[in-house]
Amino acid sequence: MTARSFDRKNHEARPLEIIPDFTANADGSVLVSTGNTKVICTAFLEEKVPGFLKNKNQGWVTAEYGMLPGATHSRSNREAAKGRQQGRTVEIQRLIGRSLRACVNCEDLGERTITVDCDVIQADGGTRTAAITGGCLALYLCLWKHRKKYFVPPVVGRVVAVSLGIKDGEVLVDLDYAEDSSVDVDLNLVMTQDGRFVEIQGTAENKPFTRAEMDRVLAMGGDALDLTQKAQRQALLDYGVDESWIP
Amino acid sequence: MTARSFDRKNHEARPLEIIPDFTANADGSVLVSTGNTKVICTAFLEEKVPGFLKNKNQGWVTAEYGMLPGATHSRSNREAAKGRQQGRTVEIQRLIGRSLRACVNCEDLGERTITVDCDVIQADGGTRTAAITGGCLALYLCLWKHRKKYFVPPVVGRVVAVSLGIKDGEVLVDLDYAEDSSVDVDLNLVMTQDGRFVEIQGTAENKPFTRAEMDRVLAMGGDALDLTQKAQRQALLDYGVDESWIP
Amino acid sequence: MTARSFDRKNHEARPLEIIPDFTANADGSVLVSTGNTKVICTAFLEEKVPGFLKNKNQGWVTAEYGMLPGATHSRSNREAAKGRQQGRTVEIQRLIGRSLRACVNCEDLGERTITVDCDVIQADGGTRTAAITGGCLALYLCLWKHRKKYFVPPVVGRVVAVSLGIKDGEVLVDLDYAEDSSVDVDLNLVMTQDGRFVEIQGTAENKPFTRAEMDRVLAMGGDALDLTQKAQRQALLDYGVDESWIP
Amino acid sequence: MTARSFDRKNHEARPLEIIPDFTANADGSVLVSTGNTKVICTAFLEEKVPGFLKNKNQGWVTAEYGMLPGATHSRSNREAAKGRQQGRTVEIQRLIGRSLRACVNCEDLGERTITVDCDVIQADGGTRTAAITGGCLALYLCLWKHRKKYFVPPVVGRVVAVSLGIKDGEVLVDLDYAEDSSVDVDLNLVMTQDGRFVEIQGTAENKPFTRAEMDRVLAMGGDALDLTQKAQRQALLDYGVDESWIP
Amino acid sequence: MTARSFDRKNHEARPLEIIPDFTANADGSVLVSTGNTKVICTAFLEEKVPGFLKNKNQGWVTAEYGMLPGATHSRSNREAAKGRQQGRTVEIQRLIGRSLRACVNCEDLGERTITVDCDVIQADGGTRTAAITGGCLALYLCLWKHRKKYFVPPVVGRVVAVSLGIKDGEVLVDLDYAEDSSVDVDLNLVMTQDGRFVEIQGTAENKPFTRAEMDRVLAMGGDALDLTQKAQRQALLDYGVDESWIP
Amino acid sequence: MTARSFDRKNHEARPLEIIPDFTANADGSVLVSTGNTKVICTAFLEEKVPGFLKNKNQGWVTAEYGMLPGATHSRSNREAAKGRQQGRTVEIQRLIGRSLRACVNCEDLGERTITVDCDVIQADGGTRTAAITGGCLALYLCLWKHRKKYFVPPVVGRVVAVSLGIKDGEVLVDLDYAEDSSVDVDLNLVMTQDGRFVEIQGTAENKPFTRAEMDRVLAMGGDALDLTQKAQRQALLDYGVDESWIP
């Protein structure tokens, strides 16, 4: 078996780094790094809701995802210049949006929309899972900034995410780009702070996986994410978010 | 608990109906119905490959998905007229494409592309899973039609799919539209003929699910899909496909 | 002269088959077949009008046309994926829309829009004329379903359509695909139940036609369409539409 | 009956004015006016053919149509800014293209494409028919400019066009904008120099027309177009085009 | 040094020709020619403002620019058919819009929008500067037509424009197409009737220019534009615009 | 007069910070900050040229510009999601591209394309000028990385840029967002290391400027940019770029 980046064991995720307030203008802003993958996550709260929620006394959380053309080893096309988002982009931002909606009680939010933007500035695998872990933080910082608007925090959970792979029967946690390109099965897990699942997306173009492999994936992913959610919680506390605002 | 359509128990899928050669011009063609959901699946083999596979001695399998504006209870917009496919459409056709690529050995296929089109003519929930089960059949009929091109069948597996939901802690197999709109968790399972998983996509916007619930989903889904793959196999045999071509 | 499909004489149209309620969800639904050309026509009545008719006390009838990628002998591109409708598609759906508007009294319709979708599932020439004959049926079934909304049927006529060709001076009625590709002149005729014309579109890229040829086209087309409109009328009666609703 | 513009009888077309070489850069250029409708028609011959004609030893003729935003009484949207051509535009430019292809022998043309652009600078009804009459002239001037490339003129005919309307049973020739908005039936006729038809497009949204009305339309349209084709011929002679190049 | 078109000295602009009311339907219309460059400029006043000016008691002036496919020596693509405006077009129409907004007092204009369309029918260099000189005239004719709406003319200035080039150290005024393709520096100057600058856009892809060269450009450009603005003023007087309306 | 950010005099630019290798994957990468404006600039060298330069023995330099939705005080739309770049974006990236092409000798570059991406992660005015100063650095780092490909450095100059404004007759150097919104004249200056101009873009929607004001702008801008180009040079030396590679 080849050595893993950051000298990791199979069950270990890459080092997680969180820099809050990475940019100055958004309501919430975080640079999240998992190893060499770096994603800027920003969040804005706006006093409006999309058309399908007009006059329903509830809010909305949505997400958009992008990758700078310079983030990858060879330049990737600028989607704005091409005039359309790729299928992969659309799929990822829908995943992030669904995951973040699991954090918020939309009735408590009020008729407001929170938009979380996740823009990858350096890509080395796992950009969508880093975007979820970081996007949840940007969402919380955004709500915390607007805390005067709320009697009760309009939150019901926090989410963290990680990718896993199966290669020759072995489960690997938190794939970097080289691993991601070589595994038989690629799986993304989104979990809440209390160990429940929000999203499971596993795909096996090359080699379908067994129930037993799935069980190992869920167990190892759950353990890794438990560490991630603790780091996420600590980052919020360090920032000064009140404990009552952190599920 | 409310009664289920077709007088079903929680673990039962809707009646599956398969009409091969439903249309005359495509290389492979099937109308697949699961209850009131009806999807036309067609497949064409073309002697070309996409740009990224040029001169690599291998083929490609891809899928596209659409929904007739008249398929739903209230008219849905025609995507061609809007000038773009919705995010949901893109996500679904990528899922179908990945699932069908698990059926084929792309080296054995040769420098050819098989395109499978799945067009929903009547929608009542589970259109993407019906499209996978039917798309696999169209793919096989297409290859069978072109069998003279091959010494060995370029296939490695068959796929079938089903949706599952969790509602108030209970697992439901094969959701119709009304159920799909009311469950807490919505999960799609794509399985091979020998019980391995190709895709697992579970999403819980409203209420994250536990490991125990996940286990029940995988078990009940596996059982239901075993019946589906047997029906799929029988349809191929009835059509006259040689048993050596059916994994 | 080569034999014609379905062993037809020059003046004969292909067998017409009409299956009402082919799909379950639309307000009106028909599968219309002329020989090997098969088109699903659906209609919805919606309580709204387009912007240019706001507050004018009248309704609107419009049509959209599509072709499944699998409908043709070699796969045709999915327009939704390309991001635009072809010129041919636009031209056809405008023709269908104008033809169907000749069926309805827009003042009597009220501030409502009926949208008729014509989607070709199998193509063998004459898809636009089949779409008109079938679209008119879907429109009538839609209005009949909503008959409680009306004191007087908001209809003024029925339309049927057929294609004609001129080849080496001979007039052929109802061209199939092979004929359509080889004629000198291609003409589409849309007629009402009482023998008046709603649309005449003749085009002669290869060999302009004379006034005498035009006269024969109009005569033979008129005779063929008289049979078609009788079959269309009978289909409505068989369905149970009251005779007072059928011009 | 209301008076017609330019003090015309029902059977009379508006004054036709032809200014060749209206612009300097195109291979062929004409400003054509029919009454207050003014269209710039330009043509270019290029040494290339579209993909579907590669290596077939033949050429192609195509047309595009546009309307300046300032051409109409209230400003019309610029299609380039909207990012798509309207359905009406697409329909018109396809009609012009088909009509002009009837002028040319594509084998004699050689592997070349002639593109005719028809841009309306002032609109008062009948823009598409003026574009055909003028586009044919631009096409001929373009071929004449390149005459050294040809032993035999690659032409087989000339086309001219006119619109006709039926209003309260009366046939009107060459509708201006006000008439066009009020007739029951609107019909465009494209004819060759020898009185054969290339295109007939009649549409009757409001009031279907009878065979007898159609006969009168064809007769009156034919007479009017005979004058137009003579003026077109004279314009070519005046320009110095050799009589052997003018069918 | 090569001879310049129209037998000009370096400091001389090409002959300017102004034909007001060139087309009949717009509120203001002008054909402006500078040498062989010809641009139709039209203007409409509409009783509406863009969204960002709603309820601000002020109006807006905007411009759009286009080039007929037949305007250039080899045919240029029709942007409407391509489905997007080129970068060059966008840049030019933004320049024209900004320049024309310098003519008008938007508060005095009232809640109205003037849209000026500049469409090049013949191109020989300097199309954007001709568009500005002509667009200003169309704007004034449009306002003059609507003069009954105003107590005070809502204008604050007039603009004229010219291109300049630097070639081998020499400054050339009003470049034609051949010169434009060969100069080291290309500069556009937009000036008011009293010699102040509204826009300066200089670009030197090949050979950066010195401060001294810039000084000569500004001096020679200023002199040339002073003649242009006098001609522009005279054209308005000749048209019958009251002197009190002409700054 | 109001105080300026960073306690500046009118002639002073904001603090410039340059972080090379800010991201890891591009051939050249820089984070450039001017005050609170932060732009990631990356550059890639690719062994290909655009179509119009095929077989001409020369290379090309181009630039693209974007702004993260979270970069501004209120969220700006993601252009990729809207499906088109705004006019402002197109204008800016064309300006950056032209400016950077003044740095390179395209013949010496060989048949290669360098693409420079400038993505604003935090916006406070002057993003396009920061992008030029930083883009030039990314370009140089990219060439330095590929230095083994070259005998002679394929460079002819370096560019730096700054914005200037005129407010109530006073000239301000390096406008922040608040100033940018309130000046009468907004001007961008792109200069080479030896004090020559590559681009001058001045615009005065509100209040045209005089020749004397222009003179002051050029003088103060030149002085400020002389400091900037020295800092730019030092950054390249600090990085280890050989002096012979730095004009």
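Lettered A, B, C, D, E and F in written order, each chain numbered from 1.
Keep this in mind: a residue touches a chain if its C-beta (ideal position, glycine included) is under 8 Å from a C-beta of that chain, and two chains touch if they have at least 3 such contacts.
Small disclaimer: the values here were computed from a predicted structure and weren't measured.
Separation of chain A from chain D in touch steps, taking the shortest path, is 3. Shared contact partners of chain C and chain F do not exist in this assembly. Inter-chain spacing, taken between the CA centroids of chain C and chain D, is 28 Å.
With each centre defined as the average position of its C-alpha atoms, the distance from chain C to chain E rounds to 51 Å. Rounded to whole angstrom units, the spacing between the C-alpha centres of chain B and chain C is 33. Among the residues of chain B, those in touch with two or more other chains are 83-84.
By the touch criterion the chains form one closed ring, and its order from chain A via chain B is A, B, C, D, E, F.
Residue ranges of chain A in contact with chain F, taken from their complex: 23-26, 29, 36, 38, 40, 42-44, 46, 64, 66, 68-75, 78-85, 89, 115, 117, 119, 121-123. Chain contact summary for the complex, chain E toward chain F: residues 84, 87-88, 90-91, 93-94, 98, 101-102, 157, 187, 191-192, 195-206, 208-211, 214, 218, 222.
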